[in-house]
Every structure is written in structure tokens, then in C-alpha cells.
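There are two complexes below, and they share subunit A, which is joined by subunit B in the first and by subunit C in the second.
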Partner chain A sequence: MRFFEYEAREIVKRAGIPVTDYGFTTDASEARSIAERIGGPTVIKSQVLTGGRMKAGGVKFADTPEEAEQHAADILQLEINGHQPRGVLVDPKAEVEQEFYAGVVWDGTRKRPVMIFSPVGGIDIEQVAEEQPDKVGRRHFSNILPFGDFEAKEVIASTGVTGSDLNKLVPIVTRLARLFVDNDMTLAEINPLGKLKDGSFVALDAHMDMENEARGRHKKLLKDLGVGDEETRQAREATEFELAGEAVDAASHRGVAGNVTEFDGDLGLVIGAGGGSLTLFDAVRKYGGRPANYCEIGGNPSVEKAKGLAKLVLSKPGVDKIAVMMSIVSNTRVDIVARGVIAACLELGFDPAEKIAIFRIPGAWEEEGFKILEKYGVEYADRSVSMHEAARRAVEKIQGGVTA
Partner chain B sequence: MRKDGTFIGVEVDDAVAGDAALAAKLREVCPVDIYSDADGRVDIVEGNLDECVLCRLCLDASPAGTVKVLKLYDNEAVLA
Partner chain C sequence: MSILVDESTTFIVQGITGREAVNLTRECLDYGKGAKVVGGVTPGRLGREVHGVPVFDTVQQAVQDHGAPIDGSVVTVPPAFTKDAVFEAIENGIKLIVIVTERIPRRDVAEMVELAQLRGARIIGPNCLGIIVPDVIKMGGIGGPAKDAAKAYSPGPIGVISRSGGMTTEMSSTLTAAGLGQSTAVSIGGDAIIGSTYAELMPLFEADEQTQGIVIYTEPGGRMEAELARWVTENDSRLPIVAFMAGRFMDEMPGMSFGHAGTIVEGKEDTATEKIARLAEAGITVAEEISEIPEIMKSKLAERGSVVA
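Then we have the complex of A and B:
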């Protein structure tokens, strides 16, 4: 879940990291008041959840409050990569001596956060890593054990920063690492982290991304920031189909049947269980299939919930068949999912045997589940058929012949 | 009284359907709300029938043979 810059700055500020005396507004005349309060040149920055705002004219410099108001009015009208600005951030134009970079990102491979620091900031860290690799320090750290400031010191010092700068940067990077863990972030980045003429450091821009599943643990923060429950804040806006998937999942507390992502294929997927969704999605693609969606089902949802998800997928324009596939289930019941997907077909007026390309869910209550599938003539497979083989059969069926 | 869903049917012997204590007990034990207590009479909530998890709690809570859970997908096999 991504945050707007003005929200990310607030998170940084709450963590005790110095920020500029900025202001956020949705109103051009208020931008003028903020600029008056700041006194001096300002930067007016569009607040959008997309890149390329500088190029699109979403960042402008103002010497006077009047100019700030005019720029704010212009920027508020701008559409950047299809995004309407949430508002504008009015920031003092800081006298910066040097720009640094400080970030923490979740390393999905190592399953730990990695702290990244560079004395070359203000540009993409990837570019710095490529052009000046000795100027980028990295260090993984534990998100379970308490973070020690020596860890920050090591990373900063590894890039050649010494003396008073090192001493001032250690608490900032330490606080950034702690805020990352405390707020379940997947990305916490300050770029640029500016060194001002007086030798102090201040966060000039920040990017924060929170683990979506952790939203429930941070209700107070989200409420304070004004982030509504309905705001998904993903890399792109949720489609109607995806929002409908969320509604299916939210309709009952039992299990999971949602987390839907829309694709443009013809094979609808009802998939899940212990990483099964990703494996099965990849397997379908491996055999040349075109998934119409990604989703997750598990945790023993009710028949109604499984039915809701299957109906949603079956009703998606372009979906010819669905494949119902999971890894071996223990707490999710095979018979309950079978009832759900068959009921979905029947309620939509489809023949389950025609519409369900394959049902491959082995595990708890499979004997009952298989009896249901047999009655409706649905092809099913037990654990002797691998997930990959099940995916291959589903693709073969929808393509009416040979798979890749 | 008998009501059927798509997959599950439930039959309650008319002789016990008016038993207020049984009506309250069935309403209490069924984890998926298949029974309701209609002013002291057992009633079956049709919309919930297919949620039956075959747990047998209703069978244990009622006099032997008075409540039957039927698997409609299995030639009406009676849950024993």
C-alpha cells in the first residue's frame, strides 16, 4: 500500500527524523498562505501515486506566495499518467549542500529488510549502484531483534562518510530502519536526504509502501493520515472486478476467497493454499494458458464465499472455463469448495462439467468432495496429479488440444 | 418436515418438531445456522442448508432417528 509524499513525510516526522516546514493542501489559495508562512522561495509538488511528475510539470518553483498560488492552481488541474493529484505539497526551497540517499526495502529472497545508504542522493539509487557502486552501502538486518545503531553506522561508514556527518546520519538511518519494522513497510525511502548549509540533515522527499496485509495493525496511523478503508493504494487503481473480489471476501469472516487481480485471458482461476496460487498461476502460463485472473482461496471459506468467488470469475467477460486448483489442503475442505464452485455454475445456468476445466484439490474431506464432482461429471484429480500437470490439463482443455 | 438445498437435505420428524427444548438446542448446536427456533418449533433455514459441515452435532442433540441429514449428491445417503 503506497503513501502519498505528504503522508510519507508525516510518517518520517513522527519517527523523529527532521523534515522541512512543509504544508499540504487541496486548495490553491491555501497554498499561498502556506508559502506566506514559510516565507521565501518554495517548491509546489503535485501529490500523485505515480512517477514522472517532474516531466509532466507537476513540480514547480515559486519565488512569491502569489506564484505559489498560481502554480498550485495549475498543478491541481494536471493529470499525470492518468492520475488526478490528491493535492499539492508546498515545501521551502532548501539551500542544500549535498544530497544523500537512505532507504530500507524488504528483500523477499532473503526474507529480511535491507538497509541502503548512499552519499549520492536525489537520483535513482539503481543508477548510483550502476555508475558508482562504491557509493552504495547495504546491510540486511533482523526485523525481529532490536535494531542497533551500530548497524546504521556500519552501512554509512562503508560509503566513506565520516566525522560529524556520520554522527548526525546514524540516528536518522536508525530511525528509518525502526519505522520500517514498526510500520510493516516494504519500502521506506528518503531521497533526497539533504545536508543543509548549517550542517544539519533534513528529509526532502520520502516514499513509503506498507505491506497491504498489515493495514489492520496500523489503523490508528492510517486514520490519522486520513487513509480510508476503501483506498487500496496499489500500483494501479483496482478494477471493478478486483473490487468485487474484495467485496466477496469481506462478506464473511470465514476463510479467504478474494485477493483478486484481473488479467485479460480466457481461463478463470480459483486457486490457492500455501503458496499454491502463485505456483498454479505460473504453471498455467508455462503451458501457454492465458489466466483471466489471479486469486487466493483458503482458510476454509464458507460455501457461499467460495461460490461468490467462482461466480465472479465465471461472469468475467471472456472467461471460457475455470480451473479450480489448490495445493494439498488441510483446514480448507475439499467438499465445501466443490459445493461452492458447482453452485456457482448452476446459479449462472452453466453445466459444471463444461465450465470447470479441472478440479484439483486434494486433502481434507476429499472423498466427499470427489463424490460431489462425480455427480456433476466434473473432471477432478487427487494428489497423484501434480499441480503442474493439473494446470497443463486445464490449459489443454481450454485450447481444445495440445499444450505448449 | 424436510427441506433440501442443492447438496444437503435435512429432515426433522414431525413428532419432535414442536419440542421447544429441542428447537432451542438445535439452534444452539448447529455451527452454520441451519436450524432456527420459530416460537418453540424447529424450523429449517433453507438458505443455509448447503453450508452443512456434516458435523453430526444435530444428530447427537436429538432423539435417535428424529433428525436426518441427507447427502443429496450421494443418492440421499443419510449422515450416520
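Then we have the complex of A and C:
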């Protein structure tokens, strides 16, 4: 879960890392009072969860509080990459002598967090790594041993930084590493980390990403920051259809019939499980099909839940038929899914044989499931029909239907 | 032979009295030669039995009762308690831990993995279905009830490694139907950090005489495939590998997670396209469809002169 800059700065501040005397607001006139309090040139920054803010005109400089108010008013109206800003951050324009970079991320191969440090900050660290590899230091650290100052010292020193800069940076990088671990972050980055004219260091911008699975352990922090449980902060805002999918899944805790993602096609998909859904979605597209949605069934959901998902997909505007397909199931029961999708068709007044392009779920309780499908004349397939072949047949049916 | 487990492997089930764990225990006892499930642990349930398996409060009690070191543990406790359960298993001398639990924060996983490394133990998972040696033993829910597992898996020369539990069975079933049995199939889990990656299991398959080829199932997200490609190249592996990549559509949708927690495109390197290129450079064929895998594998085996029954 990505944090807005104003939240990320608050997290950095709480960790004891110096930040500027900034203010956050959703109101242009308040932006003016913040600028008055700061009493000098300011930077007005759009608070959006997307990149390319500077290019889009979401960051502006103001010499006076009046100018700050005007910029804030403009920026609050400015949509960036389809994102409406949450508010603006009013920041003192710092007299920066040099910009540094400090970050911590996970290394999934080494299975440890890795600190990344560079005396070249303010730009994308991957670009620095490519152009000036000797200016980027990396150091993994233990998940079990307490983090030591020396580890921060080593990564900083490895980039050639020494003298009082080194000694001032060690506590900042140490605190950043601890913040990363303590808050279950997947990314904790200060960029730029500014060295001011007086030789002190201050975080000028921060990016923080918390692991979704760990949100439950950081309730206090999230409450303090005003982040509600309903805020998923996905890369794309959930659509109404997707929210309805979440409601179907949440209706009972047994099994999964959710992770619904909306697409703009005519073939509704009732598919599972995790890997099976990925495979089947690709397969439908490979054969020229246009999926109306992505979803995942798994963990043996109830008939009611399978029915809810199928009804949702069948009711989506533009959906002509549905394909019910999974990889071989061992926990989820074939007959339960069959009952659910047939009930969904019947309740909506559709003929299952006509609406269900194909049913391909082999595995547990398949004999019982196939018997039900046969009764309603639904085309079904066992494991001798591959997932791709099932997808191909579904696409063929829906395309045949359109041209007929 | 097989990797990781064989018919003599003993294991416990931590969280054995949970609904899924009860089923899993039954399945393991019924499958193949019958797993040696020597105990189960649920705090506060000492003295109970689950399908004849004695339940203990602690792993220590289970080990004392068994009177000898226990080889493995299947961990099925809720995410908030998993780290402690795994630490408990490791500190009581268990060397192979299969973590079934989903949604464990990666900090916890990383801590478990690091302790395991210090103690010479191995973790499979989390968010996985475990290990199966066809007709011999299964450790975990992989393949489901014994009769269903028997339909999909058969003994033979192919090692299977998969980031998806369900797809481990789908791919093995396809191999079985084409006359290619499996030496061992391992569901390694779908999270961003897992105990054993493809590259970490390769040396075991490499050393296993029965194994003649490897089939992997993979997805976008992470760097595990690049690690495998590097391993194969650096070690001049004797084993031909055929891969299947699901989730190709995700390349167009960076930042969105599908399927498994670790399945998300965050940068260029973890896209399906990039991974397919990396695998191909290492001589690993990426099949377009699962049904093509057996033929590709058979021709690779023929090239290397492997004799497949």
C-alpha cells in the first residue's frame, strides 16, 4: 500500500529523521497561511499516487503567500494520469547544496532487505545505477540480528562519502533501515535527501510502501495518518463492478470467489484458481477472445458465493456468454461450482446451455458436477481437454454467436 | 529416488486440529505408502487424536513422544502465529518445513528463512501445497484426497516445480497422460519471498538419478526466473527444462497484483516478456500451451539420449 508524500514524510519524521517545516492542506487559502508561517519562497506539490508529477505541472514554486495560494488552487484542480490530487504539500524552498539518495527495498533472491545509498540524488536511482554505478552503494542486512550503525556506515562509505557528511548520514540511514523493518515496508526511500548550506541533512521527499498483508499490525500508525481500511490504494481505483465483486467475496468467509477485475469484452469469465486464472485469461486472449473480466475461485466457496460471482459476471453490460473454467481442483468441489453457475443462469432467466459457453473444471466431485451439467445441457469437459482448448472452444462459440 | 522426502520421512502437522489440517492429515495418511505423520501440534489440545495421530501442545512433546528426531513439519497455523510455529519447529531440530499458510508478511518469512539457513533447515512455501512423490508420499495438500492425487500423479523421470499449487497438479496430470511420470513435484508457493526457489531446488534434482528433466510453472513478478537461468548456465545442468509462463497479460498492467501475492509487475525485469527472454537465453524452452510440454520434453530428452520408460 503506497503512501502519499505527506504521509511518507510524517512516517520519516516519526522515525527521527529531520524533515522540512512543511504543511499539508486540501484548501488553497490554508496553503497561503502555511506559506505565511514558512515566511519565504515555497514549493507547492500535488499529492497524488502517480509518477510524472513535475512534468504534468503538479509542482510549482511560489515567492509569496499569494502566489502559493494561486498555485495551490490550480494544482488542486489538476488531474494527473487520471488521479485527482488528495491535497497539496506546501514546502519551504530549501537552499540545497547537494542531493543524496537513501532507500531500502527487499531482495527476493537473497531474501533480505537491501539498503541503497548514493551521493547522487534527486533523480531516479536506477538511472544513477546505470550511468554511474560506482556512485551507488548496496548492502544487505540481517532479518534476525539487530541493525547496527556500522552497516549504515559501510554502505555510505562505499560510495566515497567521508568526513562530517558520513557521520551525519549514519543516523539517518540507520533510522531509515529500522523504519523499513518496523513498519513492514516494501519500499522506504528518501529522495532527495538534501544537504543544506549549513551542512545539515533533511528529507526533501519520501516514498513509502507498506505490505498489504501487514496492515493489521500497524493499525495505530494508519489511524494516526487517517488511512481507512477501505483504502486499497491499488494502481487503479476499483470500478463499481469490482467493488460488487468484493461484496460477493466478503458475503461469506469460506473460500474465494473474487479478485474481480473489469475488462472491456463480451466473454464473461468465472475462472480459478490463482495460477489457473492467469493461465486461462491468457488462453482466452491467445485465441482472439475478449474477456469481460478477470476473477479467481478457490478454497471451496459455497454454492451461494459461486452463484453470486456468476450472476455478477452475467449481468455485466456487454457480456454475451460466460466460460466457467479452472485448473484441476482438489479442494474446491466441481459440483458446487456447477450448481452455483446454473442457479445464477436460472435466476436471471437465462438458459444455462446457451449462456455457459463451456464448463471445464476437472477434479474433486467431478462425476457429481458433470451429471448436473448434463441435465441442463451445458457443454463440459474433463481433464482430457486442456485449459487452452477449453478457452478456444469458448471463444469460438461466442464469435460464432456474434456472426450468426 | 526423489528429492526432499521419501517413504521413510516422518513429519508432524502444526495446527492439526484446524478444518483444513484435519483433511490434509487424512489425505497424507491415505496416499501412496502412507505418510508417517507422527504427531500434530495445537496448543491446549494435548491428548487428542486426529485420524489416529496424537496431538501435542508443543513440538518438543511431539519429538519426545517420537523418541527420535522428526524430519519435517507441515505448518497450517494462521498468519499471525506462523513465524513462532516455524521457529518452534526449527529449534526442535526439524529440517524440512512446508508452510501452507497464506498472507504472511514478508518480514516474517525472511526471518524464518534466515533462521532456517542458520540451523541447516529448509523451508518450502509459504502459500504452497507441499511436496509429492508419486505413489510414495505426499507432504501437504498437494493433489487433494488420495484418490484424486492418484489420478494426476504417476512415478517417472520429471521433476516439477511450480509457483502455483493448483497448476502443479494440472501440469503433472498433463505429463502423466502423455506417459511422463514425475520423480517429485514441489509447489514452492506464490509469495514474493519463499523458502526455496527454482534455483535452490535444482541441485537436489541434479543429484537425483531418477530425474531426467524439469518442468516449471512460472508467473510475472520477482527475479526467481533470472536466478534459475543463471544457475542453469553457470552449472551446466544436465537436466533439460521446459517452462510455462502464465499471466502474460499482466505486462500491460504494471502495479496490479493478480493470482498470487508475489505476482505483480513492478519493473521491466519482472515482466513475462523479459522472463521468457531470460529463460530462453539459458536454453529453457517456454511452451505456449501446457499441452505442448510433454512433446517438447520428450524431444529434449531424446536429444540428450535419456531413456524414458
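The definition used in the following text is that the second predicted complex is superposed on the first by the 249 of 404 C-alpha atoms of A that agree within 3 Å, B and C clash if a C-alpha of one lies under 4 Å from a C-alpha of the other, contacts with A are read in each partner's own complex, and residues count from 1 in each chain.
One rule holds for everything that comes next: contacts are C-beta pairs under 8 Å (C-beta built on N, C-alpha and C of every residue); 3 or more make two chains touch, one makes a residue touch a chain.
In this text the structure is predicted, and so the values were computed from the model without any measurement.
Of the two partner chains, subunit B is the only one touched by A:L346; subunit C is not. Annotation for subunit A, partner touching more residues between subunit B and subunit C: C. Of the two partner chains placed by superposition, A:S46 touches none, neither subunit B nor subunit C.
Shared-chain residue A:N191: touches no atom of subunit B or subunit C.
In the overlay built on the shared chain, the residue A:T174 is in contact with neither subunit B nor subunit C. Of the two partner chains placed by the overlay, neither subunit B nor subunit C lies in contact with A:S118. In the superposed pair of complexes, A:V303 makes contact with subunit B only, with no contact to subunit C.
Residue contacts after overlaying the shared chain place A:R217 against subunit C, while subunit B stays out of touching range. By the touch criterion defined above, A:I372 lies against subunit B but remains apart from subunit C after alignment on the C-alpha atoms of chain A.
Across the interface of their complex, subunit B is touched by residues 302-304, 333, 335-336, 339, 342-343, 346, 368, 371-372, 375-376 of subunit A.
Listed in rising order, the residues of subunit B touching subunit A in the complex are 6-7, 32, 50-51, 53-54, 71, 73-74. For subunit A in complex with subunit C, the residues that touch the partner chain are 106, 108-109, 111-113, 126, 142-144, 181, 184, 186, 211, 213-214, 216-217, 234-236, 259, 261, 272-279, 281-283, 285-286, 294, 296, 298, 326-331, 363-364, 383-384, 386-389. Here subunit C touches subunit A in the complex through residues 20, 79-80, 103-107, 109-111, 113-115, 118, 141-145, 148-149, 151-152, 162-167, 169-170, 173-174, 177, 190, 192-193, 197, 217, 219, 222-224, 227, 244, 246-250, 253-256, 258-263, 267, 288-291, going by the rule given at the top.
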